[in-house]
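Quick notes on the structure that follows.
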Amino acid sequence: MDQLLTPTELAVAGERMHRLIADVYPICRSITGDGIRQTLRRLREQVPLEIHEVPTGTQVFDWTVPMEWNIRDAWVKNSADEKVIDFRRSNLHVVNYSVPVRRKMSLAELREHLHTLPDRPDWVPYRTSYYQENWGFCLAANELARLQEGEYEVCIDSTLEHGSLTYGEYYLPGRRTDEVLLSCHACHPSLCNDNLSGVALVATIAELLSNVTLEYSYRFLFIPGTIGSIAWLAQNELQASRIRHGLVVACIGDSGKFHYKRSRRGNAEIDRAVVHALKYSGEEFEVRDFSPYGYDERQFCSPGFNLAVGSLTRTPHGQFPEYHTSADNLDFVAPQALAGSLAIYLSVLRILDNNACFHNLNPKCEPQLGTRGLYRALGGMADAGQFEMAMLWVLNLSDGDHSLLDIAERADLPFNLILRSAQTLADQQLLGRVSPTAI
Amino acid sequence: MDQLLTPTELAVAGERMHRLIADVYPICRSITGDGIRQTLRRLREQVPLEIHEVPTGTQVFDWTVPMEWNIRDAWVKNSADEKVIDFRRSNLHVVNYSVPVRRKMSLAELREHLHTLPDRPDWVPYRTSYYQENWGFCLAANELARLQEGEYEVCIDSTLEHGSLTYGEYYLPGRRTDEVLLSCHACHPSLCNDNLSGVALVATIAELLSNVTLEYSYRFLFIPGTIGSIAWLAQNELQASRIRHGLVVACIGDSGKFHYKRSRRGNAEIDRAVVHALKYSGEEFEVRDFSPYGYDERQFCSPGFNLAVGSLTRTPHGQFPEYHTSADNLDFVAPQALAGSLAIYLSVLRILDNNACFHNLNPKCEPQLGTRGLYRALGGMADAGQFEMAMLWVLNLSDGDHSLLDIAERADLPFNLILRSAQTLADQQLLGRVSPTAI
Amino acid sequence: MDQLLTPTELAVAGERMHRLIADVYPICRSITGDGIRQTLRRLREQVPLEIHEVPTGTQVFDWTVPMEWNIRDAWVKNSADEKVIDFRRSNLHVVNYSVPVRRKMSLAELREHLHTLPDRPDWVPYRTSYYQENWGFCLAANELARLQEGEYEVCIDSTLEHGSLTYGEYYLPGRRTDEVLLSCHACHPSLCNDNLSGVALVATIAELLSNVTLEYSYRFLFIPGTIGSIAWLAQNELQASRIRHGLVVACIGDSGKFHYKRSRRGNAEIDRAVVHALKYSGEEFEVRDFSPYGYDERQFCSPGFNLAVGSLTRTPHGQFPEYHTSADNLDFVAPQALAGSLAIYLSVLRILDNNACFHNLNPKCEPQLGTRGLYRALGGMADAGQFEMAMLWVLNLSDGDHSLLDIAERADLPFNLILRSAQTLADQQLLGRVSPTAI
């Protein structure tokens, strides 16, 4: 994996990701059902992913795959037979996983099932009730205020039946069977930054890497949150043990600064690679320690797996006002932000894929770089050039124990420069690569 | 050990400690003799402690138990037969361990044996000469200034004879034979913060814990400084090896902020427990590294023992002007301050006694807390509750290697909350306790 | 090694070093040839060093000892037969290692071989071309500006022939065969701070230590930069393995603050000893991490050797404007600065030579210092004296694992005080020295 994208290629990719988001934005996704299936089918136009079905009732560790939920329509009508809440206008109006209901009731009774955001009176919240049978509607606080006393008719035309949980998976083999994992959740309905930005980014990376020679094998997961990662881990324990580095991808399309949440291990290679890439990116960023709340890193980092999986987002979940509301819409995610996120992800993967330990084959004193045309001939100037410094660092620290990333960190030089200088020295037979199995 | 005291109970305990201090304040204590015996007898009204006698001449490591010192009276009279210095007004007036003397002398000769504090001309200093035969008087600099030339008669009616060193000890057995040590010095005469505040606090804790089921066994020592801890260690080497955590208690009744002096080990569990308790107490505090000067932690932390013993005080010894002067009196220690110190000590002991490692019995992915009624049913909100967060942290880090204190530190949550969430999860068979011998 | 120098002795030594620098300043040194030979002969007046010759063509690791270079004269004449550049006025005028040349040429052609410093138009730069055949002249930019169009005659009367590389070495045996290395480069022509200040300092230390009983053996190297240290290491691999601590000495005569560059190991005893000495010196200083650019620490710290060798300078190479120019002259180095540098080096060596681990022979509780006359008799004062504190620290940490330097660091007390207190305690049979081979 060698080439990164040019600014123009990045801009094109950003626009394309935004179009993908727009395509699947209207679909009513949930943790099961036709919404996620339809979304995965759209992704297959770009990535040849496999679509897996895990039947309702399957035991996955402490959990059970739930009934499959589907919904055709839902509304609330007032006594004048006007639809005052209408699923067709926004799928956020229905509490996700609502059981079917068709009944008349007073406003007082209805109100028990209505959810609003008093602080953001124009926005519709997103609510779910996956694991407890319930039904409800979400609406803007201003809409609720306009409802008059009287009788209302409620209809949720949903089904909750034996079926399956659906997820998408794409495996890209590299030279090693060791894996890099990129995982995103694809279970939220019309929410753009939270879920669709991650889906679009992972699909785009999968597409790009499929044209490249890779050191690691790469696995891309498009799964329902929590239950999806639990199901995947339960059914792929052996495969999971091959994951060396991983990232949970989400909230990557807003214009906020980057936030990296470390893996449970705290200083794994993935943690250091992300921090290094961000440091040299020119982007603003913040690094946070692991905590057991968030997205599917909760499962990948559970103590029985303890995988080196972090999460790289822009504004983290729950920390932008639009989070889990109707305001997380197509305007909230920008092609430019998606392109910038893609650039960072690619530099992280480039570090992981190229990181290696070398042996200085001439470890006693420096080799004579000048006779090999690698060092300026005229002496006496105060400074070495940056490339000369990078070669000296690589030679000095290539004792088999320091990886290129270790060297870049200690030299305070970009990985890219260290990598190029190591390649130059290896071409001159001054460095020998330590086989990865020996690490 | 579960319950802490209510604010009212603490206030009552503060008043009671102050009364105990007032009771024993007039007694002329020293490192041997009837003063400390009388003090220990008063403590037995609250705590069933054993009183030990170590005979004069007993070799205790590099030291020898000295002659027992007792004093009946002492004074200096001027030529008009007026007592210008009188032991009966304050036992600080006599240099502790002064040999008997009865003689007339000039003011010039007397002056060689007089000690004052020129910077604090109204205060009487406290001076000792335990290990070199000497005699002397301490008085206010202003009193000294008033002494006229002329002949003085000096009387110190003391005895220095074969006898013994006396200390008090109370052992409270818990489930384990591993011990927590609380040690205080009880060898200073009329000084309240330095010595009596510690004595009152240790006695009160001993009393409170005797009504509670304890994990550790607890040992409470009321000893003369230096020679007392050396004697105890010399005669209890095997027992000392059972001490897992310990605190030297002193200067705990003034109104200054808390100071914790770490054990020689620097980051032992006692060190971390005290810092954690202080951090969540709302009290001001400062943490200092170990140094080999201070109270009996000098002996407990000598390299041949290196016990995990720190010292938690308010203003440390030597750092308040009243230290070792007549101004360290009943007004200098306050019931409220004593009560606040008791609260901190109890929370430290509660952490120690409840700290444990657990195994997450469902370590692969999170268990489904919702079906167990431990997680809210409606999803979509931005934050988890604090108790939910505590449970997630406990589950995530309970891999057998992290104690509850480790988890509290990493989660940045109070130990108490982590403990309650661990108890809840254990009740649900989601956690199993790692046996302490397995640690 | 016990005594340091008095201020007067230091001042005398500073003047003497400056005179030595003045004596050898006019000599045209290079990495081979008679210049360095003549310099080493002058040093033998003070230090009985051995002069080694390594023949041209000798393979030393990846390098080959080059042809020996000597120069008799060099000049450029204008068409009026006036010498516009003259080696006899300053040996910096010729690019070091220039091949012989005698030819007429236009100013345009000549200009290709001229080097100036446009930013410092009055200064002559120092340039070399050791490993690529070339010739050239260096001159002040202002001089270049005055050259008129026309024909010039160029003469460099140099030789580049089979011969040898020359270096000086002085070995001073101590009680142990383990060594301390002091190495300086002596290959620069008329440059005072860069090369001669180091030469003078190392010679002076060698002289001083030869009159003293030493724990370590000491090795002093006066070598040509890069190729000299590579040649020495190649021919003394076994000896190199005995080097426990080392310093590369250079740029020690200017009036800038001290800079210590750590060894590649980063926290070796030499690194800690230098930082400790600087901290208690009252001098301004800065500590920098190792980097593989600089002087011969590059070779000593190459991964195949990884010796604990740092570099203690005043202003580091390349960071003063006079560096590698004619302004690095006799005025740029001051006797006082040289004396101050000598003082620091001696305190570093004193720490190294006296550092040791001890066993507290009375490790259980404190020994009774008072009965040994080591502790004041009258008790009750707030503070211990500094010497008493030092003794308590030494006793507390002398468990065989802590060296005196470890203790000084943790106690935050000067090494000197810790050393004296350890000696006092050892005299009292309270401490036993841990044999160095046991470490």
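Letters A, B and C name the chains as they come in the text, with residue numbers starting at 1 for each one.
By our rule, a residue touches a chain if its C-beta (ideal position, glycine included) is under 8 Å from a C-beta of that chain, and two chains touch if they have at least 3 such contacts.
Here the structure is a predicted model, which means the values were calculated and not measured.
J.: In degrees and to the nearest 5, what turn takes the CA positions of subunit A onto those of subunit B?
T.: The two chains, subunit A and subunit B, differ by a rotation of 120 degrees.
J.: Since subunit A and subunit C are copies that touch, just let me know if over half of their interface numbering is common to both, same, or not, different.
T.: different
J.: Using mean CA coordinates as chain centres, what's the subunit A-subunit C distance in Å?
T.: 54
J.: Which subunit B residues sit where two or more other chains touch them?
T.: Residues of subunit B never touch two or more of the other chains.
J.: Using the touch rule from the top, collect the residues of subunit C that touch subunit B in their complex.
T.: Subunit C reaches subunit B through residues 360, 362-368, 370-371, 377-384, 389, 392-393, 395-399, 411.
J.: Could you list, by residue number, the parts of subunit A that touch subunit B in their complex?
T.: 60-63, 95, 125-132, 134, 226, 229-230, 233-234, 237, 264, 289, 291-293, 298-299, 301-306, 317-319, 323-324
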